[in-house]
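Each of the next two complexes has chain A plus one other chain: chain B in the first, chain C in the second.
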Partner chain A sequence: MSEQVNKIVDKGLDQGVINLTQERIEKAINQVLNKEAGARLKSYVETCVHCGMCSEACHVYLSKDKDPIYSPAGKVKRTLSEMIQKKGKVSPEFIREASIIASTECNLCKRCAMYCPFGIDVAYLLLLVRRICHLCGVTPLYIQDTAHSHSVTMNQMWVKDDEWIDTLQWQEEEAQAEIPNLRIPLEKEGADIMYSVIGPEPKFQAHLIYYMSVIMKAAGIDWTMPATPGWDNSDMAMYTGDNEIMGRVKRMHFDTAARLKVNRIIMGECGHAFRSVHDMGNRWLGYKLPPIPVIHAIEFYHELLSSGKIKIKDQYDKKVTLHDPCNVIRGRGLGELSRKVVNTLCSNFVEMTPNREHNYCCNAGGGVINTGPPFKNKRVLSNRIKAEQMAATGADVVISPCHNCHSGLEDIVHHYKLNMEVKFIGEIIYNHMEKPTA
Partner chain B sequence: MSAFADWDWDIGSKRIADIEALKKDYQWIEEIHVSPNGESSAVIVNIDEGEFNVCVNGTPWREEPFDKMWNLHYSPDGRLTAIVSEMGEWTMAVDGESWSNTFGYLWKPLFSNDGKTIAAAFQQEMKYGMVVNDVPWENTFGNMTCPTLSKDGTNCSATVQTVETSQAEIFEFQKGSYSVAQNGVVWDRNFVNVWNMSISNDGKAVAAEVRLNLYDYTIAVNGKPWDTIFSCVWEPIFHPDNQSVIAPVRINGKWTLAQDGKIAWGGRFVQLWSPKVLPDGKHMAAIVAPSFGKWTVAVDSVPWKTCFNEMVTDLVFNETGSRIAALGKNNGRWTVIVNGTSWNNSFNRAWTPVFSANGQYVAAKVETNGKYSIAVNDQVWSQSYDAIWGPVFSPDSTKILCCSSSNGKIDRQVIPVKTILK
Partner chain C sequence: MNELYQLLTGPMLWLTFFVFTFGTLYKLLSILVLTIQKEPFIMSVFSFKYGMRSILSWMTPFKPVSMKKHPVLSSVIYVFHICLFIAPLFLMAHITLLDESWGLVWPSLSDSLIDYLTLIVLACCLFYFIRRLTQKEVNYLTSQSDYILLAIVALPFFTGLMAYHQWFAYGFFLNLHILSGEIMLMAIPFTRLSHMIISPLTRAYMGSEFGEIRHAKDW
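What follows is the complex of A and B.
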């Protein structure tokens, strides 16, 4: 049993368990195991030799003093293995526990898959657990609410259709105070680029859209943003196991870009959204790759800086380090590009160790931060290793080109009193670039 | 605007506007829009801070500027519309005249096929509704999505929130808080979700995708769900002849077509969407993925042999339904596929294919290396431009109307189809 699990009150789990029947549990487990998972699950289950090499890869295991229950294999043993062995005959309380393990003790970061001699993807296995818990109706409250938001509004923050457009027009006006003829072009059919963001940007961090509009203006980019749902590239339904809503949200995103006839989608600094368009959501829809190319902000910034479309007037001189978001570094291989970008922008860059694809997860990703306040303390305490890694750099600033990482690292900085700032790359570009006057 | 057949179909070219010349008079000019008959073009122009107007063929729309404006559109009947703001209130301006009603916000303009009905979504004091030809719904709602207008303009519907729920009240949400309002009147039951509605040709019936709980999807018609439940559904359509409803449905991880809740196609696909009933009422087509990462069109459940590895979009057919076309994308290049045969030419981008009335020709606007042209039956016009609007075939199928832009000068051209078909 996870520590403190019974002390955590979460209405999504507690009420969900009350509503749960044995019949429903068995139906959910057998549907996933027998109809949805297929050969991949079978090969993983039959291949694992319990060597334990995945353990040292897991930031939760390392942060929990190497308690084996937190090792990747241990988390599978406590959830999916039991379900398989008992052919779905597990209790409602077991499902509650499994939901907590799958949704709050694993970030689906896939670091362990690199250390497994057979490449077993534990993230996939724990996503199956989340899928089962979804079918059982036992999902943490806050991330379930986010999935509901996706289902209604096609964004994760309950941003209404008019609020989205109004926010863009507001940011355009704000930016025009600095650059009078700057525009955030809406619904420009045939533009080269559709820029897409995640829900928190219009809701809480609208200045990031402002920064990008200045970058677009300075670089002379032919771009647009949609004035319809489909603007949000994020997908928390992917992390609740609600694959049908995940696919619906992704279809809306791709269809919006196709309707606008753009060449490319540029997405802001978000990791899980990239996974949803490049790995999971697209594949659920039947696309091998995104049907309209999706370029992560790191790649886009590199393109702008290396081509000279954006020029840096003075480098940022604080001592900075770089966090490697799992989904775009391990998942996409952008580790070298992100370093080129940071070295162009900053004069005093130090690496974290380990780094690039070996970097430790922020412990916020994989939807863990979206389980909200009930699990915040647990999340922060379960990533002491990240705090130690960051502290060892002696940096004043940690750059994190991912929203969830950004928020998770801020929590770690605060809890462990690291006295570091957390910044997006775009923020540094905006503050150190040559800006147009008109 | 004159009727389609009465448009100027004389072969030749005429200058519509010089947008470049406008630049010296304004802080900036926005995207160019061209009327359906190609006789006028319009742009939003910025005069100064908080002062906007529209220039139609170079002439300002009205004397007094607006504080803000966006979403410029020509209605199908040729009237020019924009969403405008004055004194902090938003409304619709049609040919320069503002509607009498104003709102906290206005968006998503919709047009009937004949252009006589213009609708938009509004927000007033955080309540949501639709306004149709300047008449707002009497009933308003806590939230509204998927605004839809029937082809004949008589039915304006949307998904509406009928029960207010507090933040993170997930179990209240799962009881169902959403329904459809038809001309402001709500169906008599709620659903967990309602998406993508379709309205029958006579404007009397509405079909929509619904989710009954977190797992069960089906189609509801005028508020009544099908008896059959599916693991997912996509956008429904009405059969034009018999009012039956057709929709893609997912069963055991594969997609097929259902009609009034019963499986209509024998084929099972990795994906299926954009269903169409062909004009004879007997045949149906849809975009499908017969296997993972392979996309094409299926007609009566049989997929074309030619597949694309990225996507297929813009499924259209001619007046008789004997010819079906779509856009396909392979390895980053777009082309047109007609009745299962792909064009040899491919492009950086291509726009929705258009059939001539006699079905003999299919044309598409295409882009290659930043220059735009028109291709007909796999032959590309020798002319290319900075921008193109159209193509539109003449009623006798012998000519093509398009407008083009070079160096900011907008020209209306009517050319013989044979000019492109060498």
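What follows is the complex of A and C.
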């Protein structure tokens, strides 16, 4: 394995290791393990009886012919356990390897927490490893770049302030060709809803904003989008272990909604962004739950469809299956709602197995896809199990209500030649709903 | 031999109770203090209802998917833990000792039944041992300490069996039985055997996270 990984050239890791000193490593490990972490680390490390039951949970382990180094506990053994045993006296090369393991071999999907009899949260332990690597300055280049972007622009994709507004107005004009009086309301104080998206939407998937504007118009929603930074709900700093930036980004997002005096935030079909407002970013800021209700698109669509605000004129009749993204299914229990939505929209729905909380991860989330091209092959090859799971459905379309999953599944479909389309729910709603003419 | 017996059932036993009791309290307290100091959010997440939901779900045989994936191991774990507690606690000889010392009495099980339970415990230990050697994913995680812990658990049962049947050197096995039992009890708070104390907490915490925050099942 090492041989193969060492061939991977990644400037963030390679340069980071050159700059790294022994003192800095020890300081970082000491800082995280002794000062920042507490009861969870102690309990997990001292309680694990090395039974190996977590192995079956991990898509990487299953896809890599059950190679034990890829089991959840195996990944902890190769990283954190070694750091603890050696009291932080590990080499820069070890930190590089640990960074690769924590950032590209684990998606922090927490499936293994459901397979450990003690409920040990390996994702949390590997996040600690990412945090250590971050403090050592050894993080894969591409995801580090997104964290830099967050810190400079408050969005993930270096979208400039004027480009953001310009993109929204561009999509508004496009949509007006279809519905002449459609608006994408900007900075509307006191609107019911602030709609927020992730950086990649304005950057290269602007049509998704178009679709949502049509849905909002048809449903008669009083909504707005901010014209200022704070519009982006994504948070890759959360995945690099840069908790400080994570907190800044989340605060800006919540503050923007508060400034606009909206009742709630609706977010697009993104999983990690939901984790950042519902689990990690909010807690960093001291909130048990988000200070303003944040509703994931799945729940919002369900609300619109079940209340009749959006009517479906003809059901989508291709054979579809549904992927359960970890952060909103295992992370927010939206599994039943997503099925209700899909069954309303589609006439031919088949489950993939396992599903709901037990679904296999896309292997893209948890920031893994954001480590970029150097790790793409590895990422796709280490999720064969997902390809098999999807192929077994015989479906033509896999619906994935999460951006990271969506991109990851597309890569898998392409590599394993599955001949499937990957779709967002919003896309299907847009194409099959009754639209207002004016 | 007799002097050793006096030592093991006298001062050593008191030491064992002391180390076990205060070790356990220390373990629990240190977790509690760490939680309050560094991760107070855990307190806000903790839910009795969902904690219990998780614990009970994981105690129900073959309810968790993970157990279904490991039917043999799960059955062994079940039987092992039940026998591990029942055999020493309901053995006539143990109860008699407690009666003589403190006048504590409760019903006992027949000696022949306990004999079987002891054999089951030992068979389970053998299973764990072989599993550690042969199962790739377990072997990879296994360190020397895992074998030592297994020996610490198996030894009181093995020596108990030998002493009860008075096979070979009775006095030797009796003393070794007492000593190994004391070692096991004292090891509980300070080794991975502490899962006896901590695992209900980690399970309840994960159950609370899943129930209270994530609105999902964790089994």
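List of remarks:
In the analysis below, the second predicted complex is superposed on the first by the 435 of 438 C-alpha atoms of A that agree within 3 Å, B and C clash if a C-alpha of one lies under 4 Å from a C-alpha of the other, contacts with A are read in each partner's own complex, and residues count from 1 in each chain.
Here is the rule we go by: a contact is a pair of C-beta atoms (placed from the backbone, for glycine too) under 8 Å apart; a residue touches a chain by one contact, two chains touch by 3 or more.
Keep in mind that what you see is a predicted model, and the values were worked out from it rather than measured.
Partners chain B and chain C, brought together by superposition on chain A, fit side by side with no clash. Once both structures are fitted onto chain A, a short way to say it is that chain B and chain C open up an angle of 120° at chain A, using Cα centres and rounding to the nearest 10.
Of the two partner chains, chain C is the only one touched by A:46; chain B is not.
In the superposed pair of complexes, A:288 makes contact with chain B and with chain C alike. Residue contacts after overlaying the shared chain place A:23 against neither chain B nor chain C. Of the two partner chains, chain C is the only one that A:116 touches; chain B does not reach it. Once the two complexes are overlaid on the shared chain, A:183 sits against chain B while remaining clear of chain C. Of the two partner chains placed around the shared chain by superposition, neither chain B nor chain C is touched by A:65. Taking every C-alpha atom of chain B against every C-alpha atom of chain C, the smallest gap after superposition is 6 Å. When the two complexes are laid over each other on chain A, chain A has residues 36, 283, 288-289 in contact with both chain B and chain C. Those residues of chain A whose C-beta lies close enough to touch chain C in the complex are 36-40, 42-44, 46-53, 55-57, 61, 66, 68-69, 71, 73-74, 77, 113-121, 278-279, 283, 288-289, 329-333, 335, 354, 357-358. Listing the residues of chain C that touch chain A in their complex gives 30-32, 34-35, 37-39, 41-42, 44-45, 54, 58, 64-66, 69-70, 73, 77, 135-143, 146, 192, 194-195, 198-199, 201-203, 205-207, 210, 213-219.
Residues of chain B that touch chain A in their complex: 27-28, 30-31, 46, 49, 68, 70-71, 105, 107-108, 121, 123, 128, 143-145, 161, 167-168, 170-171, 173, 178, 192-193, 195, 211, 214-215, 217, 231-232, 250, 252-253, 270-271, 273, 289, 292-293, 295, 309-311, 313, 329, 332, 348-349, 351, 367, 387.
On the chain A side of its complex with chain B, the touching residues are 11-12, 15, 35-36, 134-135, 137, 141-142, 144-145, 148, 151-153, 158, 160-162, 165-166, 169, 176, 180-181, 183, 185-188, 190, 227-229, 242, 244, 247-248, 251, 254, 258, 261, 263, 283, 285-289, 291-293.
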